[in-house]
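Same chain, two partners: chain A is paired with chain B first, then with chain C.
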Partner chain A sequence: MINKDTNEQIIRLKQHTPARIGVGRTGTRPLTKGYLSFRIDHAAAVDAVFGEVSEDLLRQFQLFTVETRFETKEHYLKRPDHGRILSEKACEVIKERCFPAPQVQVVVSDGLSANAIEENLPDVYPALMDSISANGLQTGTPFFVKGGRVGCMDAIGELLKPEAFVLLIGERPGLVCAHSLSAYMCYRPRKGTKESDRMVISNIHRGGTPPVEAAAHIGTIIKKMLEQQTSGVKLML
Partner chain B sequence: MEQWITSIGLDIGTSTTKFIVSRLLIKQTNDRFNLPGCRIADRKVVYSSPIYTTPLKNDYEIDMESLTDLLVHEYEQSAIGLQDVNAGAVIITGETARKINAEKIIHYLAERAGDFVVATAGADLEGILAGKGSGAMERSQQIEGIVANVDIGGGTANIALFQNGKAIQTFTFHIGGRLIRLNESGEIEYVSEQIQPWLQSIGCQLTADVKAGYNQLLEICSTMSHCLLAYISGNPVFQSHLLLMEGAPEQIPAIEEIIFSGGVGRMMQHESPRTLPEVAKHSDIGPLLAYTLTLATRYYPIRVRPAIETTRATVIGAGMQNIEVSGATIYANPDHLPIKNIPLLTIPATEKGEWAAEAFEHRLFEALYHAAQLYDMKNGSPLALALSEVPYCTYELLQSLADSICRAYSICIPESSHIIFICENDMAKALGQALAKRCGRGKIVICLDQIDFTHGDYIDIGMPVSGEAVSISIKTLAFA
Partner chain C sequence: MYKKATVLGHTYSFHHLKEVMAKANEERSGDQLAGISAENMKERMAAKSVLADLTLGEIRNSPLLPPEQDEVSRVIEESVSTPVYERIKNWSVAELREYILNDETTGSDLLQLSEGLTSEMIAAAAKIMSNLDLIQAASKIEVITHCQTKIGQKGVLSSRAQPNHPSDHLPGMRVSLYEALSYGIGDAVIGINPVIDTTDNIYALLVETKDIIDRFAIPTQNCVLSHVTTQMRAIEKGAPADLIFQSLAGTQMGNESFGISIPLLEEANSLIYDKGTATGPNRWYFETGQGSELSSEAHFGIDQVTLESRCYGLARKFNPFIVNTVVGFIGPEYLYDSKQVIRAGLEDHFMGKMHGLPMGVDVCYTNHMRADQNDMDTLSTLLSAAGVNFVIGVPMADDCMLNYQSLSFHDIATLRSIFHLSPAPEFEKWLERAGIMRNGALTKSAGDPTLFMNKV
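Moving on to the complex of A and B:
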């Protein structure tokens, strides 16, 4: 029998991963403490998916909201394809309010974790805007998409015809972290864009890829996209 | 994406001079889902010179002409051209590190050793480089405990303690093979002034021109060895403080393993000298000191581990380990590189983990005023600030940092042409953009990250080696 609290090897291994290793057991069952922390993390993941991004936060960054055809969160989970198409109303609002054919279009979406937006937007969003302008580039009119999937950038691309696109979207939550953000980037996303043309910086959160540094780097990537007029696997970084 | 770069190392010591050529493999660790990164994936020695006796004009001064011949010959032997050398370091140690020599050597190297070769000196850096070359640093990553590297050459014993692959402490003893020189019949030719107070404190009268017996020398060397080892194991004996150089730590942490390098370190593997002629093989006490050290280690609870390199540990450390690469998301325009010999000042961003903009600005003002007095900033020579103890960097903190920095620079040193910041956390590009936005007009902003700047007070920033990442080396220039 190895004691998880005193065994040096277990202690050392645990320092290298946030995964649930060396959590101990009593008989054939986990310890109450470990079981409760599992339930808490699971609940946090569920909350992240079913949570909502607060109006206050969106107002703070002057983002208006449009919806995809996701209807409800339950439906959103069953039909990922509906998260890639915009509602009729969304199309109208976007056409009405957004600057057409911008150099860089920035869009924020809750995706599978509203918490990711809540936690990271205050650091990523302003740093991203700084980084885009530091590279001498112009942004269009940014907005928020409720119930979006990564592919919704193609639908928006059809409407606004931007040169480059940045989508900040909440990642599928795990049991270690429920507030991780991804930044997807694409050169001229349109209907039928291949996945290999998209690029991503993932795992953006306090304990992963540093939010402000990720944002600072996105400007460099966008600049290269515009110079080389391509993105994804073909882009030389 | 990977790339090999060539780095040279040259160690000009009190008694010997060595030269090596090494190749460093720089690999990108970008998986296209994360921020790019790169690291030095492999280091290998491709050429190493014989061990030369350092050419001296007199007891203290280097014979530059002979050194020049030696280097020209070695460059030819190693079949590398000056244009192939991307990096490297010359380390000048012991008595040869005197100002008059060091300046000559630097001047010489500026013309002939390659653009990116840096010159360094100083006992603490020498100790760290030796520990890197002997394998002590790497070993400290493999075991839980602290590894001490003891590099004993002609004039000094440089000790560096390593933990988890980082140097945590350095100190130096006046213990070395050439501090006492003698001939085969035991006639003493020279006793270093540095050890006289200690010799007297242990009741030993030893001066040049007297004759010493085997047993007397054995006792001196044995006492010296115990001084060293007892101090390292935390229980000093025999007036060891008289042999210590200034700046030694009060408290020594518990040490798990010890590695001996340097010329005396190498002789510890040799047969023990039994007679005076055997002792005086190199006309000094080196062999005897090595023997007594081996004997003394048995009395202390520290494991002795053989070194990967002994005599060449420092030169290998200088050539192979002195170069590091920065993070791959940084803020620097290659047109403004390389920049060499930039003084480096460390300033903590927080105090006891607490961020306070006013307190930070206050520290910044003090540091910059201090720097303006220390270094000649008028002619636009750059200064680098290292940010330590940076907490999790939010956007708000970043703005606050950049505001303070720009204000402090414009008030304290408005004439400075560069704003250079170094940090450990991955945040250089964001900080650089924030600084450039505020005060980039007319000033060159450079921010580098993922650099351990704990040991050293000067930095050289090289050219990009892979993507944006640049090669850097942190060093000390004791004679500057």
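Moving on to the complex of A and C:
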């Protein structure tokens, strides 16, 4: 067991890793505080997966909502393929409300962490819009996709024919961070786009890649995509 | 029409063996995603009834994936012992189940029988077995393997220490390992999942793990779980590896998506015998898991239980030291909730043992599954009752690199205590010398990583 003599050494050991070491025990079981802290982090992760993005937040950034064919959260988790297909209504609304063939299409989706959108959108979204215009580029009409997977950008690409695409989507939550966001980028995403043509900046949150820094980086990548007319492994950064 | 069965007044017909095998599975999301699962419980029971009446000969004679098209099928087919098969080919799957569970049938009888079975026959038996059947059958089988040390004896529960770090930082890895050792964890292997899959990094991690083993004279083996080709390059350059690792799939196409083939595994096999640092005959570590073939679109409409069994058919060709299914890692589209993960864990453990493999389980889940740590308590308890060779431990169950949860070091110590199980014999003696265990229990000093603090 850990006693007072080694406490200081334990603190030093812990500096080397985010792993839960030096936690101690009672009998063979963990101490109460460490056990509950683990369960709290898991609770945050589960709530992020099963949570919803608030209407207020989406209104604040004037993002209207469309849905994929995900139907329910359970179906969304069981059928990733349905999170890549837009509902019929979504197709109609997108065609009606969006500026066609934009230079850069920006889309936001809850993905596997609604919490990632709640926590990061207020920082990352305005910075991303600034970064795109600072690079002299025009955005189309941004919107929110409920129940989206990364591949939904291909379905949207077919409808709107954008040159470049940015999808801000919640990542599968871990215990260390349940609100990490990814930005997926692609040049002309369309039906049949290869995964290797997509580019990603992941781990966007205040304790990871800072949102403002990520936004600036996305703007630079998009500009290069449009100049070189490609994305993924072929893009020279 | 191939076969039909009537359940509660409704007749169900099945067109081929593949359909019977898929529909006979207990419910799981992966079979639903593949569009091959039973429509409802009655159809599932009809499929189980049809399967129970099929003979082992009928199963062998209707290959789900012909050996001419697939090298995994060829390995399985070539491994069948003709005299054993001839003796049992007229048994029905129901008779196979009853033979396995008969109390006059011993574990060594099962291992002998196994030589005449294909992976598909073993999967078929699992499909008509209950969870407790799977536990009872597996608990009979003892598979002892030998790399640097021997594990798998009756009464032994071994463990992999998995001291991962999000940036492969060596001091970070070391302190997690010290924590593991202080709880008596690490007798199966000290195995790291690297973030950076380069020859230099794999070399460094192999050197570091071996150095700790040597410095503290720990009777265990090291392994770094990168792609096999990177390990091969590191070993060629002189890196010390007791074990060589690779993930397996149950079809040739699935293995191609992992970037491997049987000739490549054979090449790695010669290398680890030639240049590996172990002294014993078992030098491989394999991982598997239901659903990987579907995720790489290499499943050929075959259900994930049967494909998992085929992974074991491939694994046994290489006489591995340890094999484990990473049962809850793949996600809810393959195993949705704790009920499905628990079932799959018991199936995989049974099917592995029936192939004569030193079977372990990574008792685990991701955060988007309907499961939590209580479910891992349940599954690990069931697997201890089933005689699992080893499980995996990470600090407080939280793998800070792979972002999923497995078992805590505490959990493994607890399972040993409840079921009166020991670490591997040589390792237990070492724990006694290190002052961590005495008379089969942890001492007061156990659970303190500073025991190993002379160098971080």
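Definition applied: the second predicted complex is superposed on the first by the 225 of 237 C-alpha atoms of A that agree within 3 Å, B and C clash if a C-alpha of one lies under 4 Å from a C-alpha of the other, contacts with A are read in each partner's own complex, and residues count from 1 in each chain.
Just so we're on the same page, a contact is a pair of C-beta atoms (placed from the backbone, for glycine too) under 8 Å apart; a residue touches a chain by one contact, two chains touch by 3 or more.
Note that the structure is a prediction, hence the values are computed from the model and not measured.
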item: When chain B and chain C are modelled together on chain A, clash or fit; value: fit
item: Which superposed partner A:Ser87 touches (first chain B, second chain C, both, neither); value: neither
item: Partner chain in contact with A:Pro122 - chain B first, chain C second, else both or neither; value: first
item: Vertex chain A angle, Cα centres of chain C and chain B, expressed to the nearest 10 degrees; value: 100
item: Partner contacting more residues of chain A (chain B vs chain C); value: C
item: Which superposed partner A:Thr65 touches (first chain B, second chain C, both, neither); value: neither
item: Chain B versus chain C - smallest C-alpha distance in the overlay, whole Å; value: 10
item: Chain A residues contacted in one complex by chain B, in the other by chain C; value: 12
item: List of chain C residues in touch with chain A within their complex; value: 29, 32-33, 163-166, 169, 171-176, 178-179, 183, 331-333, 336, 366-369, 372-373, 394-398, 400, 403, 405, 408, 410, 413-414, 417, 442, 444-450, 453, 456
item: Residue numbers on chain A that touch chain B, as the complex places them; value: 8, 12, 122-124, 126-127, 130-131, 134, 199-203, 206, 209-217, 219-220, 233, 237
item: In the complex with chain C, residue positions of chain A that touch it; value: 1-3, 6, 9-10, 12-14, 16-25, 28-30, 34, 38-39, 41-42, 45-46, 48-49, 74, 77-81, 112, 172-176, 178
item: In the complex, chain B residues that touch chain A; value: 30, 32-36, 144, 329, 392-396, 398, 425-430, 432-434, 436-437, 467
